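Shared chain: chain A. Partners: chain B in the first complex, chain C in the second.
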Partner chain A sequence: MLPPAALLLADTRLPAGGHAHSQGLEAAAAAGEVHDLPSLRAYTLGRLWTTGLTTAAMAAATLRACSAEGGADWAGLDAEAGARIASPVLRDVSRRLGRQLLRAATAAWPDPVLDGLAAALPGGAHHPVALGAAGAAAGLDDHAVAVCAGYLSVTEATGAAVRLLGLDPYGVARLVAGLLDEVEAAADEAAAPRALADLPCPSSPRLDAGAQDHATWEVRLFAS
Partner chain B sequence: MIATAPAPPRAGTSRLRAEVRIVAEADGRGGTRFAVLRGAAPVSLRPTPDGLHLVASAAGPLGGDVVAIDVRVGADAALTVRTAAASLALPGRDGAPSAVTVTAEVGPGGSLRWLPEPLVAVAGCRHTASATVRLADGATLVWRDEVMLGRHGEPPGDVVTRLAVDVAGRPLTRHELRAGPSAPGWDGPGALGPCRAAGSLLVAGPGHRAGEPAVLSPTAATLPLDGPATLTTATAPDAPTLRRLLDTAHRPPR
Partner chain C sequence: MHRDAEHPTPLGRNPGPVRVGIGGPVGSGKTALVAALCRTLGAEIPLGVVTNDIYTTEDADFLHRQAILPPARIRAVATGCCPHTAIRDDIAANLDAVEELVRAEPSIQLVLVESGGDNLTATFSRALADLQIFVIDVAGGDKVPRKGGPGVTSSDLLVINKTDLAPLVGADLGVMDRDARARRGDRPTLFTSLRDDPGATAVADWLRARLPAVAVGS
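And then the complex of A and B:
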């Protein structure tokens, strides 16, 4: 069972900054690659099983590390997370979202784990590391935080699609509901314990190139 | 008339377990010599002026095959590894997965250039090509991965390529590409897109200047990493276009 705290952690209304980011959808929509519900589904599915899975696996591993004797190796986790993000633009986005999430999580679930993270990484942690720490503070287990990561990967993209493309919100709700089994399956793979270096880390070359290009636009609705 | 029987296909039971070992050392006169050069069927090793060639002496990798390649490049030694031809990841009879795993270490001042021809992920294959590279401070690495997603006119089997590189014990990159029926959405706009070829080129080392990120095409970019390294990732409609995109980005470290 997913504990209620997961609902808040995966809620785009938690002031963690995610609403300002389209998960690459603004670039994909401008390129004409996402323009209707079927193409949105294909986009979201590919994103979930690449960067969504990578984020979920790092968040789950971070959550497990929080209960390690002597505490988590925050710098080591952060370096592993950064090594999974090839695009410099997306590394910056990840740090910004990590800082915002840590702030929101500290407000919602004050916890020595979050204080420890903030002290160890004064410049802020990458988003998956902050998400794992927030999950630990909220009392989730590694699978639950992986579900949150996968769900956010889906809903941030589909939410942006409603705003950018004016898609039928009922159709988008059906699309998201149809992807929940995929979210669960991705979380299953993400939460399987492994050494950090061996965690799944699929990447999306299109999202990397799209994010670099998007960052150069003069006018855009979303930060990434 | 006596018909000549075609060579029998390798039976499902003849799975290959191969361990290949390569140790290159500085020879003290500015060159490099091989301290160990041990091939194992199906991989034989041919030193040439252009680099060390890995030559596959059997079709494959075939489902069930497991090939481990261990490479050591000592301090101040330089090694270039190539393959004679594209390799074909083929399905086995019983659906068993195949794997080629490379473990490499490069010492200070050493250089490893890993420049194989593409891997072709034939329909029905289940193949993982995984590399773990540990660089000492001051070591240089050029690493190319290219995958053709199926032969002409066929969809690819399941293929995963993975590159994990550490520099002086710190993670530099963890980069994985997945394609095929077990990778949901892989050919959609959120992952690789409708391409026939995908790949990456990592250039890392002290002489390398990362420079500015560059978007080479809507599906290719040169991306400076945290560290003295650049990763170029690309998808393309065919192998020559992919190679061109990756070569464009390659500025050999001095």
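And then the complex of A and C:
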């Protein structure tokens, strides 16, 4: 059972900065790769099982580490998360969004875990690490935080598509509903306990390259 | 100047420098006003600027070109298709930008936050802006104050800019003044032409008077 706190953590209205980022969709749309509901579905599914799964696994592992004796090794977790993001632009975005999520989570769920993270990493943590810590502060378990990560990987991209391409919002709602089983399956995979070094990290070179290119555009709506 | 729980300033809702939000429709003169305030107040008060451009970093680039402020005092935020979300619903990126400004230049006491050009329903979150200035212009038509919206009705200062254009577009400043009073009650409205007064003297005077806790001139 997903606890109600997960609804808030997975809500794109939580003021954690996500709205300014298209999850690569602006680049994919400009390249003609996403232009309607079927192509959006393919794009979102691809994201979910690559960067979405990587994020979810890292967040779940972070959440488990929060209850370790002596507390989490924040620097170690952060290094593992950073090593799983190939694009320098996306690494920067991840750190920025991690910092912003930490601010929102600290407001919503004040908790020594978040204070410990902020003290250990004053420059901010990578987003998956911040998400795992936020999940711990919110009282979630590792599977629930993985569901949140997978769900956000889908809805942040579909939300950007609605704004950017003017796609039918009802069609997009149906699309998201149709992907929820995939979100659950990705969370199952992500939350399976493993050593940090063995966490899944399927790569998405197209997204990495797209993000690098997008950052050089003179005119763009989204930060990434 | 420090603003803490024991010694709150009159504007002391938010920690750090005093933040002034400058909002208003596209092209009304927000960036021109920011540049003017930097010119007029920059020598008195250590200040920084955050711009929220919709598509580009044009506003920040304009301020860089004007060389009114050192580059480290200007930050640009991208707003993802939705300029008012970034100043109202999810202010994370703007708060980050303010923090970065202060980290780079700890002496900063005043931050001007320019929103992306938006519509009349836009308004700054009180958690982002201690004070809000809403800028409209006469070229948008003299019925704009009557239309209202939170910027027109509840901003701390309404600026009606480009008065030099009034005769050219047939805008009746008397009507705008009357409607603004009706909408705003006691809240002040100033008419400006930044073309004729590139220092925005009246707006700078108003802002100076609202910043008693800022050590002006020190």
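By our rule, the second predicted complex is superposed on the first by the 224 of 224 C-alpha atoms of A that agree within 3 Å, B and C clash if a C-alpha of one lies under 4 Å from a C-alpha of the other, contacts with A are read in each partner's own complex, and residues count from 1 in each chain.
Criterion: contacts are C-beta pairs under 8 Å (C-beta built on N, C-alpha and C of every residue); 3 or more make two chains touch, one makes a residue touch a chain.
Worth saying up front: this structure is predicted, and the values here are computed from it rather than measured.
> Per the contact definition in the header, classify A:Ala86: touching chain B only (first), chain C only (second), both, or neither.
In the superposed model, A:Ala86 contacts chain B only, not chain C.
> Taking the superposition on A as described, I'd like to know which of chain B and chain C A:Arg99 touches: first, second, both or neither.
second
> Does the superposition put A:Val219 against chain B (first), chain C (second), both, or neither?
Touch status of A:Val219: second partner only.
> Does chain A have more residues touched by chain B or by chain C?
Counted on chain A, the partner with more touching residues turns out to be B.
> For A:His127 in the superposed arrangement: first (chain B), second (chain C), both or neither?
Neither partner.
> Going by the contact rule set out at the top, does A:His143 touch chain B (first), chain C (second), both, or neither?
Neither partner.
> Using the superposition described at the top, list the residues of chain A that contact chain B and also contact chain C.
After superposing on chain A, no chain A residue contacts both chain B and chain C.
> For the complex, give me every residue of chain A touching chain C.
Residues 13, 15-22, 96, 99-100, 103-104, 160, 163-164, 218-223 of chain A touch chain C in their complex.
> In their shared complex, at which residues does chain B touch chain A?
That would be residues 132, 160, 162, 164, 166, 170-178, 183-193, 198, 200, 213, 215-221, 223-226, 231, 233-235 of chain B.
> Where on chain A is chain B touching in the complex?
Spelled out, the residues of chain A in touch with chain B are 24, 28, 31, 33-34, 39, 42-50, 54, 79-80, 82-84, 86-89, 91, 157, 182, 197, 199-210, 212-213.
> Which part of chain C faces chain A closely enough to touch in the complex?
By the definition above, chain C touches chain A via 54-56, 77-82, 85-86, 89-93, 95-96.
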